[in-house]
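Both of the next two complexes hold subunit A, though its partner changes from subunit B to subunit C.
Right after this comes the complex of A and B.
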């Protein structure tokens, strides 16, 4: 029996992660909600990985993050390479400085289940930030949660 | 009650590693954003999604104007690009932290046959220069690190 795939998107996985805040300092950490163990569709030509998260100015008024995407092979993660590096929008004011950032990567497909995640650190110890919260809200200091979202799917077309 | 059951089709992707680009007072193609595309036969809309990185140049201040343009072929889009109505945006900042990543997504009405579409950019003035497709700070040190960009396009019926 043969099957005809009519939809060009397959194996869609989405998540919104209920997570606590995450201090991003000069020690690299995995961004909460970014890690997924995913099996591409056997006929996929590409895999699309999309991640959205927020971060706020606390503890430093100036913020700059470094983010790199890693993939797992035989249980060990490694970077996809320097050209895959990303810097979310930086900012430099207290109270008002908050950013929402969307990242999109077109990945080559792989066989079987493999982990993918984003690693982040601040550029320096004076440019640290806190992810997944608002920090201020309605004229007061209030850490409202901002859940990160993840979407990953296989492309059957070009 | 209304139900929407859109079908996604004619998906294309491009991942490119362009040379870095400096903005100027003239419009230029944002490398990696160009695609020759034919919407699916019954398409109502085309979804165009492009992700790229940028940073400040010699000054903290920077401001890039970006617009989508189209042409019936590469010669036409090179010589006389047509602005796509309603697809314009600015990206900029004014401090030492001025750098970032943009993931730009737009819904545009579908068309018949093949077209070339892309993003063009220029800066506000010569005091607001932007450098595209590059990272200048990483892990605590200044660097020059070209980065890739990602384009996804598809039709919805």
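Right after this comes the complex of A and C.
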């Protein structure tokens, strides 16, 4: 007798990237630590992609970002395209917008190994920010690295 | 010996339904519901620590809080884990937010404790945890918010 495992997590992969800070300006960049080459489980119904990163108020006091998810095919990346997969985290404050962004995408599975990554830019040159650092550490204004984290896994079942 | 790569191992969770309200100060304090004593699975190479809680402005509209993941041996002192920290900062923004943190740290042998500690920049930039205001049309109406913690081990391949 054989059994089909359903509603189970398979092919889990995690990473934490010791990365340098990254200016998010009007030129779109790949968020450090967001790129992963992943093979879904052959019986997966969905692939869950989760990414968590921090950003702080430098060079601008507030921030307004655009983040979209891209996937690679035969070496070329393209946006997954859906408007609802474009995320605009932003904070309008006179000084010191700093927090983290926790993103989760539910993707259709694919065959074989493909790259997935997040691309980010600022709304304008007045809303730029720096990712992967804090600007306050204990009671000091001090940059400290914050490692971005990534989790990707397949869901088997209905 | 065999083991299962790329799967969740030694999963543990803590749900704190009604944590007491906490106000950040310049002195470190442990975030309620964030502490766990954990032994990673044998052959794992990473431990994933995921914590969800709420934060709100306190007293005035400006917030400047810090969060630090700390680890410690049983009965020993705690120390910060490199790269596992976070800020919450806004000026005159009456900010409130759900904090979803995911930290991934190298695995270890035996039992250790993990916890999240917090402080704030100064007494004019405090943050209130686990209780949010502005419910039912009134700033004076507040709700208690729960804290969720999940920890598990994994061996990446």
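Just so we're on the same page, the second predicted complex is superposed on the first by the 139 of 158 C-alpha atoms of A that agree within 3 Å, B and C clash if a C-alpha of one lies under 4 Å from a C-alpha of the other, contacts with A are read in each partner's own complex, and residues count from 1 in each chain.
In the analysis below, a contact is a pair of C-beta atoms (placed from the backbone, for glycine too) under 8 Å apart; a residue touches a chain by one contact, two chains touch by 3 or more.
All values derive from a computational prediction rather than experimental measurement.
J.: Given the touch rule stated above, what does A:75 touch, subunit B (first), subunit C (second), both, or neither?
T.: So A:75 meets neither subunit B nor subunit C here.
J.: By the touch definition at the top of the document, which applies to A:134: first (subunit B), second (subunit C), both, or neither?
T.: second
J.: For A:9, decide between first (touching subunit B), second (touching subunit C), both and neither.
T.: In the superposition, A:9 touches subunit B and subunit C alike.
J.: In the overlay, answer first, second, both or neither for which of subunit B and subunit C A:123 touches.
T.: first
J.: Give one of first, second, both or neither to describe whether A:91 is in contact with subunit B, with subunit C, with both, or with none.
T.: In the superposition, A:91 touches subunit B and subunit C alike.
J.: Mind working out whether A:112 is in touch with subunit B, subunit C, both or neither, as first, second, both or neither?
T.: Neither partner.
J.: Is A:149 in contact with subunit B, with subunit C, with both, or with neither (first, second, both, neither)?
T.: A:149 contacts subunit C only, not subunit B.
J.: Which residues would you name on subunit A as touching subunit B in one complex and subunit C in the other?
T.: 9, 50, 91-92, 102
J.: Touching residues of subunit A toward subunit B in the complex: what are they?
T.: 6-9, 26, 45-46, 48, 50, 62-64, 66, 82-92, 101-106, 121, 123-124, 127, 155-158
J.: Show me the residue ranges of subunit C that touch subunit A in the complex, using the header's touch definition.
T.: Within the complex, subunit C contacts subunit A at residues 6-8, 26, 46, 48, 64, 66, 82-93, 95, 97, 99-105, 119, 121-122, 154, 156.
J.: Over in the complex, which subunit A residues touch subunit C? Could you list them?
T.: Touching subunit C: residues 9-16, 18, 50, 52, 54, 56-57, 61, 91-100, 102, 134-139, 144-147, 149, 151 of subunit A.
J.: With touch defined as at the start, can you tell me which subunit B residues reach subunit A in the complex?
T.: 7-15, 17, 49, 51, 53, 55, 93, 95-101, 103, 135, 137-140, 145-148, 150-152, 154
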